[in-house]
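What follows is chain A paired twice: with chain B in the first complex and chain C in the second.
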Partner chain A sequence: MTVDIRKKEGVTILDIEGRIIGSDSLALKNIIDEQVAEAEEGEAKILLNLADVRMVDSSGLGIIVATYTAVQKKGGRIALLHPGGNIRSLIVMAKLVTIFDRYEDEDEAIASFHKSNN
Partner chain B sequence: MGPATEQVIYLELPSAIQHVYLLDTLIVDILNEMDFDEETTEQVILAVIEAGTNAIKHGNQEDLNKSAHFKFIIHPDKLTIIVQDEGNGFKREEVPDPLNPENLLKSSGRGIFLMESCMDSVTFEQSGTIVKMVKHKSLTEQKCESV
Partner chain C sequence: MSETILAVDDDIDILELIQMSLEAEGFDVITANDGMSGLEKARTHSPDLILLDLMMPVMDGFEVIGKLKADEQTRAIPVIMLTARAQTHERVQGLHAGADDYVTKPFDLDELTARIEAVLGRTLPTKYINPLISTMGDWFTEEGVEQLASHLEAAAMIQQNLIPKQAPNVPGFDIAGFLRSSMTVSGDFYDFIPLDNNRLGIAIADVRGKGIPAALLMVMIRTILRLICREETSPAAALKRINDLLAIDTDPDLFATMVYGILDSAAKTFTYSSAGHCYPLHLKNGGTEVDELKEGGMLLGTFGHAVFESETIPLAPGDELLLYTDGVTEAERKSDETFYGEERLAAILESNSHQPAETFCQTIETALFDFSGTDHRDDDVTIVVIKATDGKE
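Showing the complex of A and B:
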């Protein structure tokens, strides 16, 4: 798994590539924790770009859920971009459909962060 | 094309979590050889990774002196996967339901649920130190839903 981090209009976008299984989950957790910790209160805007993620296991899903909780506590928001591979099925099976906002267009996803601030 | 007769593949892994990548590589090859469709392949890979992670992490507590043992039995019409750890076992009925509203936002506890959702049958033996999972080729109705 590799993760590239970029900022766009105040939103931190994590471009994740590969599989999020086994020890990848801990590595991803450390990267996300750092981004959430750096964000000011109410300014944690995290967009996970999953377009190039082939496989996520329950540990990986758990990290995404934990990020949701951490970001919520900080008054921020997390959204998923291009949730392909098996992540879409996992979200449905785990009854997390109503928890995660999902987008197929990056500009639309970024705009949603600014709308939710209004 | 699957084999006309039964074939068995054994794998023994030291209890280090990074070895689940080896499992991923092996099971993909087995499933491709058996001609499972893409969706079913995805389901079985996930179930195997979850079972392997459970054996290494929860069963063997990542103790490198202990191994996780895998047996893949390739039948013409189904794949049977048996995973054994060297831990103390657990009681399936004591594992909390991850779909219970109070557990939905927990960061762990979905592994067994996903295994059971993705395979045709999952049974635990010897106090939970052995898990046996079966996936048939002929069953088209899948429990893992896609949206």
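Showing the complex of A and C:
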């Protein structure tokens, strides 16, 4: 798994590539935690770009859930971009469709952060 | 080169039995029928392993372990205690005193051999200690690891005792449970709880995270479920109560998925609710069709506002329910980075419907081995099988 971090209009976008399984989950958690810690109170805007993620296991999904609650606590928001294949079915199985906002268009995803901020 | 086992027991018949069976397994066996001569033979023969009865007159097993561990010459010899089934406290005391493992009497000779091989093969120390060393990182100290390892061993023993020893006998049904832990303490569990004459509560759960924190949450969930399951008439209500209690108290990193169901052996139904767990599989229509049981709600312990639904399904003779944790479907074949997956599991369910529930658990375990090519698992593997029989034996 590799993660590239870029910022766009105040939103931190993590482009994740590869698989999020086993120990990748912890590595990803550390990266996200850093981004959340750096953000000002109420300003944590995290978009996970999963377009190039081939596979996620349940511990990977677990980290995404844990991140969701951590970001919420800081008054921020996390959303998913291009959640495909097996992560989509994991989210459905865990009944988390109502928790995670999912987008197929990056600009739309970024715009949603500014809307929810108002 | 065959290894030498020193067996110490005041019961001559047991000594003889141990000697015969271990020699048949290719070990050299020497015996002593009291603690004092056991100590002497340990010094003079330097055996590779000592089997030690705890309850002996004059010098008991604890005293023998103490002296063995105090003596430079015998300190490193692994010790397996022989204890009576009821002596939980003694077992823990013995493990603290430095014993490597224990076997309860009356013991199965195959089990005894397996334990001996495990201890001689050093599977136990690495199993307990390697994860600790990696977790402790820069804080690593030998004493620290030793201390933690002994706590882990005690925790693992408490936890093992919480898993049902045998499946309940329910008329018209054949039920089995299986759990293989990937670590010393695990986050998976299953439970069978008799609710009244006809109804049996069946739970399977997977606590996310690993080691002691996961095990503690597992114990909490099991305890809450056992306390409330007779009050809450529907599985959805039971899961809701567990969720609401956990959501208040636990770290967001810790949560669990779970299926709780009630098997009604009179009505021949299964009423269940799933908290974000892998969908149980329902083999039906004479073994020709597999359904996923999807009703339920979110995973447990993270969202205070989570809501749950229950569903009741009829169980006809020949129907089979397969509950499992993701250690099954996420067993990985490293060569092409593929998970075992739900489709293979459904296929194996269809093609093995003639097997008794307990045999079928083993069939799945074997299939995971054949698929992954290894018996190493990154996650716990837990399986519960419920078969509706035609009522005839």
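One rule holds for everything that comes next: the second predicted complex is superposed on the first by the 118 of 118 C-alpha atoms of A that agree within 3 Å, B and C clash if a C-alpha of one lies under 4 Å from a C-alpha of the other, contacts with A are read in each partner's own complex, and residues count from 1 in each chain.
Keep in mind that, in the parts below, a residue touches a chain if its C-beta (ideal position, glycine included) is under 8 Å from a C-beta of that chain, and two chains touch if they have at least 3 such contacts.
The structure presented is a predicted model; accordingly, all values stated were derived computationally and were not measured.
**Q** After the alignment on chain A, I want to confirm one thing: do chain B and chain C clash, or do they fit together?
**A** Chain B and chain C clash in the superposed model.
**Q** If you count the residues of chain A that each partner touches, which comes out higher, chain B or chain C?
**A** Tallying touched residues of chain A, the top partner is B.
**Q** Is A:88 touching anything from chain B or chain C once the two structures are fitted on A? First, second, both or neither.
**A** first
**Q** With the two complexes superposed on chain A, say which partner A:31 touches: chain B (first), chain C (second), both, or neither.
**A** Once the two structures are laid over each other on A, A:31 reaches no partner at all.
**Q** Would you check which partner chain A:62 touches, where first means chain B only, second means chain C only, and both and neither mean what they say?
**A** Touch status of A:62: both partners.
**Q** Considering only the stretches 188-196, 224-232 or 260-268 of chain C, report the one that runs into chain B.
**A** So the stretch of chain C colliding with chain B after superposition is 188-196.
**Q** Using the superposition described at the top, list the residues of chain A that contact chain B and also contact chain C.
**A** Touching chain B and chain C on chain A: residues 19, 21-22, 55, 57-59, 62, 65-66, 69, 93-96, 99.
**Q** Hey, which residues of chain B end up touching chain A in the complex?
**A** Chain B reaches chain A through residues 17-21, 24, 42, 45-46, 49-50, 53, 98-99, 104-108, 110-111, 113-114, 117, 144-147.
**Q** Going by the contact rule set out above, which residues of chain A touch chain C in the complex?
**A** 19, 21-22, 55, 57-59, 62, 65-66, 69-70, 73, 93-96, 99
**Q** Would you pull the chain C residues touching chain A in the complex into a rising list?
**A** 206, 208-209, 252-253, 255, 257, 276-279, 294, 296-299, 302-303, 326, 330, 332, 337, 339, 378-379
**Q** Give the list of chain A residues in touch with chain B in this complex.
**A** The contact residues of chain A facing chain B are 19, 21-23, 55, 57-59, 61-63, 65-66, 68-69, 85-86, 88-90, 92-97, 99.
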